[in-house]
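Here subunit A shows up in two complexes: once beside subunit B, once beside subunit C.
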Partner chain A sequence: MRALAPAAVFFASAALAPLVVHDAFFLDGLVLILLWGTTAAAWNVAGGYAGQISLGHSAFFGLGAYGAAILGTRWELSPWLGLVAGAAVATAIGLVIGYLSNRLRGPYFVLATIAFSQVLLLGGSRWRAFTAGSEGIPVPFRPGFWTLGLVDKRLWVWILLAFAVLAYLVALYLERARRGYQLAAVREDEDAALSLGVPARRLKVVAICVSAALTAACGALWAQYVGFVDPFYVFSIDLSIRFALAAIVGGLGTALGPFLGAALVTTVETYLRAEFGGIGGRFIGTYLIVYGCALIVMVRWLPQGLVGWIGARWHRGAAARTTP
Partner chain B sequence: MSLLSVAGVSKRFGGIVANRGISFDVAPGELVGIIGPNGAGKSTLFEIITGFYHPDEGEVRFDGERLTGLSPDAVCRRGVARTFQKLRPFLGLSVLDNVMVGALTRTRDVRHARERARELIGRVGLAEKAEAHARTLSTGQRKRLELARALATEPRLLLLDEVTGGVDQRTIPELVRLVRDLHAGGLTLLVIEHNMRVITAVAQRIVALHLGEVIADGTPDVVARDRRVIEAYLGQAYVP
Partner chain C sequence: MHAIPQLIVSTLLLAGVYALIAVGLTLIFGVMRVVNFAHGEFLMLGMYLAVGAFAFLRFDPYLTLAVSLPIGFAVGWMSYRGVMGPIIHGSHNVQVFTTVGLSIALQNLALVLFTADARFLRTEYYAVVVRVAGAAFNVAQIVAFVVAVALTAGLFAFMRWSYTGKVMRATAQDRHASALMGIDTDRVYALTWAVGITCVGAAGVLLAPIYPVYPTAGLQFVLIAYVAVVLGGLGDMVGAVIAALVIATVEVFGSYVIGTAWKEVLYLLLFIAILIVRPAGLFGQRGAEALGM
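After this line comes the complex of A and B, so read on.
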């Protein structure tokens, strides 16, 4: 139970904060932290737990975003249905990528995932008749919960919190259940896992599909929250790196890590954009440099991420307190 | 009735013939050794039996059922476990978690798997190391870990690839005792071993391979005196 305390505190604070703070800027930040945290947690299912490092997860995010936008603008269907449709298509693509993961390992798999997202980028930006091409799709604002036209940012916080908790529970399952142990074995050494009767191929495919579906759900919510779907953003490598970065900074293969990573990365990015960006700003791309440096620092000195670093200090502190 | 039956197995890699028409049977409860100089095809044979390679010709049967064509995980679930010559513990996991992965093939209950894993870790003499990361283990300890992990899948046939290879002299008797105990407990074993003293001491029967072919199959003392075996191992000059 004690292991769950940090997560309980994190999610409870996120749930209660909107009741106390009404500042729109703060609430917007909270929405983004939860959104990017959930995408990072979704990425972590494949990248952290199953060891299938993907830099093409924006493919799934974009499918979710387009799912909600196209169903909403063409047939005036609820974005919730768009979310489900996007997740379904993402799962199908996840099957293909999962199949690839059984053929390609390591860097080859990473390259294949990048290629996948770029193919979708081309499709999204060129198939004008269906996706409105490179102009993107403005998502109409239709007030109501079913149409996800919500002015009150507090509602957004709670909706995203529900998805964040869902993603967290998936991770928790992977840490404690039989399938989680088996997936860890696959990540460590696939052949050894096979020799012990672990259905490695199937597990990898399922992990990638779950990861894809969750990412797509986030894409749909994001489209609805921001109100505009731009193929060059939703299918971009930048976005894929953002998912991976938050998970790596927070702690690969940890349940809470992606959320802490997203909180840190999003906060720093917002600050840097406000400080150096803005109209006429001379250092608009600064946050990208910080991204790069953060990644280098984490991989080199803190490969266990924030969770590992805090955990180690915590244990050391506890040991110091108990030994006089 | 044999438990394992290898019938006419051949495997080529490009122009190299690793296994050529290999046939032998293993009866239930038997401990069979496989010997042969480097490149004789011993490891290839193991990979074929456990489903990692598919033979070009021939087939492997286990308890009457065809194993050839099954994936390695399916072979394991049928009751055939193995260790690797080049050890492959899950380095990032604890010793306990390593063994639990094996146990979870036979039970869905994580708590039950943990108990079973503890029991086996004790049996191979790693009890104090249960919570340690596999990364911190010595080669001898890693061998025992692999053994415990394989046993956790509750095999009816266990394939050991080089029990004593790369282990210091003092550890060898312990490992040999462990293998003997397992055999005495009713387990059927197929063991690749380079150390002739070890293999002649534990095996009831030895199959000798050379250049992918079976050159001798019989009791240890018969095989050890076989003309072709001596020739393969030591060269013609040593044939009496």
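After this line comes the complex of A and C, so read on.
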């Protein structure tokens, strides 16, 4: 149970913070941390636990966003249905990518995922009749919970918290259950796992599909929260990298890591934007330079991420306390 | 059918530059087993070098080209020593994210330094058009093609006949065995990386007079290069050149038949299809080394 304490503290403080602080800027930051944390945790299911490094996860995010936006604007349906529809389509694409993951390894798989997100980007920006093309879709604000037209940012915090906890529980399942151990075996040595009778191929496909569905759900919520879907953003490689970055900074293949990573990355981004993004937006790219360098530095010196680093210090401290 | 000669010429002109970009990428993959996700950013830097030299020093882009070769090599060598070298024996994830990090950092460095505005390099002879046998083409395109083909051929000759090229090929075949034969593999990797960057940087200089230059300009070309490299078989230089020709054909004839709006979709779908049907490329052998790492 003690292993769960940090996560309990993290999620409980996220749940209680809106009751204490009413500052819109702070709540907005919290919503974004939970949103990006959930996407990173979803990416982590495929990238961290199953070892299938994808740089095309924005494909799923965009499908969710477009699902909510198109169902909402075209047929005036609830974004919740759009979320489900987007997640269903994302799962179907996840099946295809999962199939590919059984044929392609390493850099080939990465390239294939990029190609998928690029095809969807081009589809989203060029298929004007269905997606409104490159102008994107403004998502209308319809008040109410069912239509996700919520002015109160506290509600957003709690909705996203529910998804964040769901993503965390999936990760926890992968850390505790037999299936999770099998998936770890596949990640470390697929051939060895196969020879021991682990259904490696099926596990990888399922992991990618779960990851895809969760990412799509985040995309639908994001579209509703921000109110605008731009194909060049929601399907971009940059967005895919953002998911991966938060997971890597926090700790690949750890349950809480992606959330800590997202908290750090989002905070740094907000700070740098406020600091340098001002006049003329000349330094708008500054935070991305920091991102890029952080990525290089993290994978080289802290491949275990924040969670690994803190964990190592903790254990060393604990060992020092017990041994006289 | 009067358009056919024009289409063929356009295909060839396009293929030359694609080949130069793809050859550098496939060389780096073949020898170092690293997919360089920052390849497009080095192309973009080459483009800015040409634009900057033209704007401030009044350098003709083809003079810049000569200067760009040593600069590209130096930039490549330094980026290997600083960034790639330390992780060259790391896992795939580490390598992928290091080059991705490099890509983001360089792209946004360009954004901060040069802003997002598209820049154009317009030489006096920009609008000069040559007409041969019913096909019209632009001088900048022809020069780009000729230089790209010459550089690619030079690289092939270097790999084929020079001692260093032989050493690089040996390292590509078996890095452990070549290390045992006394080859300084780290130096070979540095050299390979630098040569690959030099190629793509030169391609950037050649493309600058033809295409608008902006911080993410490299992406569209490098996506094509990825397709070419996979199509030709990762690490196969001849395959990459043939694949560049295939993609240019698909792009030019595809745009002619179904319109330019969907040409990228066409080659990306071709890419996915190839990955599914023949992941080792059209001509490649499905080797455990390249696929099962």
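Assume the second predicted complex is superposed on the first by the 322 of 324 C-alpha atoms of A that agree within 3 Å, B and C clash if a C-alpha of one lies under 4 Å from a C-alpha of the other, contacts with A are read in each partner's own complex, and residues count from 1 in each chain.
As a working rule, a residue touches a chain if its C-beta (ideal position, glycine included) is under 8 Å from a C-beta of that chain, and two chains touch if they have at least 3 such contacts.
Bear in mind that the values here come from a model prediction, so they are computed numbers and not experimental data.
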Once the shared chain is lined up, is A:R126 touching subunit B (first), subunit C (second), both, or neither of them?
-> second
Looking at subunit A, does subunit B or subunit C touch a larger number of its residues?
-> C
Identify the partner contact of A:I137: answer first if only subunit B is touched, second if only subunit C is, both if each is, neither if none is.
-> neither
After lining up the shared chain so the two structures overlap, which partner does A:L252 touch, if you call subunit B first and subunit C second: first, second, both or neither?
-> second
Of the two partner chains, subunit B (first) and subunit C (second), which one does A:A244 touch, if any: first, second, both, or neither?
-> second
What is the contact status of A:L148 with respect to subunit B (first) and subunit C (second): first, second, both, or neither?
-> neither
Would you sort A:G292 into first (subunit B), second (subunit C), both or neither based on which partner it touches?
-> second
Looking at the overlay, what does A:R103 touch: subunit B (first), subunit C (second), both, or neither?
-> second
Where on subunit A do subunit B and subunit C both make contact?
-> none
In their shared complex, subunit B is touched by residues of subunit A numbered 176-178, 181-182, 184-185, 187-189, 191-201
Would you tell me which residues of subunit A are touching subunit C in their complex?
-> 53, 55, 100, 103-108, 110-112, 114-116, 118-119, 122-123, 126, 237-238, 241, 244, 248, 252, 282-286, 288-289, 291-296, 298-300, 303
Touching residues (chain side subunit C, partner subunit A) in the complex = 29, 34-35, 37, 83, 86-87, 90, 92-94, 96-98, 100-109, 111-112, 115, 215, 219, 223, 226-227, 230, 234, 261-262, 264-265, 268-269, 271-272, 275-276, 279, 291-293
Considering the complex alone, what residue numbers of subunit B touch subunit A?
-> 50, 52, 71-73, 76-77, 81-82, 84, 88-93, 97, 100-102, 104-105, 108-110, 113, 149-150, 152-153
